[in-house]
Amino acid sequence: MLSTQVEIRVRYAETDAMGVVYHANYLPWFEIARIALLEKADLSYRELEAEGYLLPVLEAHLKYAAPARFDDRVIVTATLSEAPRVRLRIDYTVTLDGRTLTTGHTLHAFMDRAGRAIKPPLRVMTRIGVFFPPGE
Amino acid sequence: MLSTQVEIRVRYAETDAMGVVYHANYLPWFEIARIALLEKADLSYRELEAEGYLLPVLEAHLKYAAPARFDDRVIVTATLSEAPRVRLRIDYTVTLDGRTLTTGHTLHAFMDRAGRAIKPPLRVMTRIGVFFPPGE
Amino acid sequence: MLSTQVEIRVRYAETDAMGVVYHANYLPWFEIARIALLEKADLSYRELEAEGYLLPVLEAHLKYAAPARFDDRVIVTATLSEAPRVRLRIDYTVTLDGRTLTTGHTLHAFMDRAGRAIKPPLRVMTRIGVFFPPGE
Amino acid sequence: MLSTQVEIRVRYAETDAMGVVYHANYLPWFEIARIALLEKADLSYRELEAEGYLLPVLEAHLKYAAPARFDDRVIVTATLSEAPRVRLRIDYTVTLDGRTLTTGHTLHAFMDRAGRAIKPPLRVMTRIGVFFPPGE
């Protein structure tokens, strides 16, 4: 299992007229945690993109249990529970003071600049693979 | 069944560095179609809010099949397939020239300003109910 | 003079916790009006970009007199008061029921994909030039 | 003089199809730096709002010299050069590796929940005043 956490302080720009974080604005937070997850495996999304490997979102799922508000310092946890194959599923939780606000997951596949599905670069499989030792 | 369509022209602001619409930006489009759906049942979301009835998103699910790009004129269809009970599920498709780009659904419940779950106002059930005649 | 108007219906996503449109969200509206302005001169920003002509924003200025709110149908007017030379200045007003909410202007220059300043394509000068007859 | 700096890591969500940060997305960065500036004077914007003191943006001005890109770690500096009176002007610079990308300023006044201009709370004047000793 590969898992990491980032702290995000809620921006005023992320709130809406209900006085809470607008529901779409959790997806950029998931992305920040996803990029941190790759970094934990010594992978830079910026470098992958520069080499022509894009990692678009195929699916996104979100459940909202309680709202985040301006200035809250939420913790976003991203977890890769299974070794990636063609597709890569990442799970997320957003918590505030230990209380779960939002959960969700995203599904991804590697793609080239022309929009074609491609195999992930070897180092992605190797570096992430370290977190999924055989026999587990 | 209650269903409606809106045309949305993709804003430059909605694109990202992949050259396509950023995946979170479909949720505001779903919302525009959802508000149009309520209007088809002669319900104004603005008025409901002014009366203290909020309709927050409890869940959101999105599947991305193909990207939308700047200046595309996409059609977003919102559909209520079942008469709402406590919860209200709305399905969406985003198409371009008849080709499906994205599908998804959201789940909602009525809430008051204090964040408590409340029964929908009677006229919501009545006006939406018209589209779900008994015996169907 | 070249001037045009677009109607924009305020999205819930554009509001913030003050209950009004977040101040940054007027810039995408200016952009929508700017693209409509080019269209009035028979110019497609999408096509210009496809040919490698980008029109980035060099400066943006906004004055907020009164707020817009969810569901408001505001009118955004974009005006080109002087024939463009190297730089192109566009003025904007956002009104609601004839009352001015916001005014502003943006400054632009043509740029290629490598980020170098370039001369605008000839047809841009010609088609916009029609609106600025000599002797005026 | 009162001045502070925040580091912001550019989000993918903040980029556009030109491959750079969308021009409107600098305004939320200015806001983050502005809130940090208040904190340096021991003022919490969240608390001020809870007490009914809003600090809306009356004007915003931006000059874009060079673009920021995904994953850049930019430094946003906010500076209050003059003791605030009725209005409060804050200046900003966004830099990357010492190079200036963007400059700008915003103008503010205190407002109550009803949208009326009000005098700033006494502690705002006192705590900010400390940074502007008489005779300077």
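Some points to look at:
Labels A, B, C and D are assigned to the chains in the order they are written; within every chain, residues are numbered from 1.
The rule is short, and it goes like this: a residue touches a chain if its C-beta (ideal position, glycine included) is under 8 Å from a C-beta of that chain, and two chains touch if they have at least 3 such contacts.
Worth saying up front: this structure is predicted, and the values here are computed from it rather than measured.
The pair with more inter-chain C-beta contacts, choosing from A-C and A-B, is A-B. Of all residue numbers used where subunit C meets subunit D, over half belong to both copies. The two sides are thus made of the same residues. One finds 29 Å separating the Cα centroids of subunit A and subunit D.
In whole angstrom, the spacing between the mean C-alpha positions of subunit A and subunit B is 25. Remark: subunit A and subunit C have CA centroids separated by 35 Å (rounded to whole angstrom). The multi-chain contact residues of subunit A, meaning those touching 2 or more other chains, are 12-13, 17, 24, 27-28, 49, 70. By the touch rule above, subunit C contacts subunit D in their complex via residues 17-18, 23-25, 27-28, 49, 54, 56-64, 67, 115. Every residue of subunit B that touches subunit C in the complex is listed here, in rising order: 11-13, 27-28, 31-32, 35, 44-46, 49, 70-71.
On the subunit C side of its complex with subunit A, the touching residues are 12-13, 15-17, 19-20, 22, 24, 69-70.
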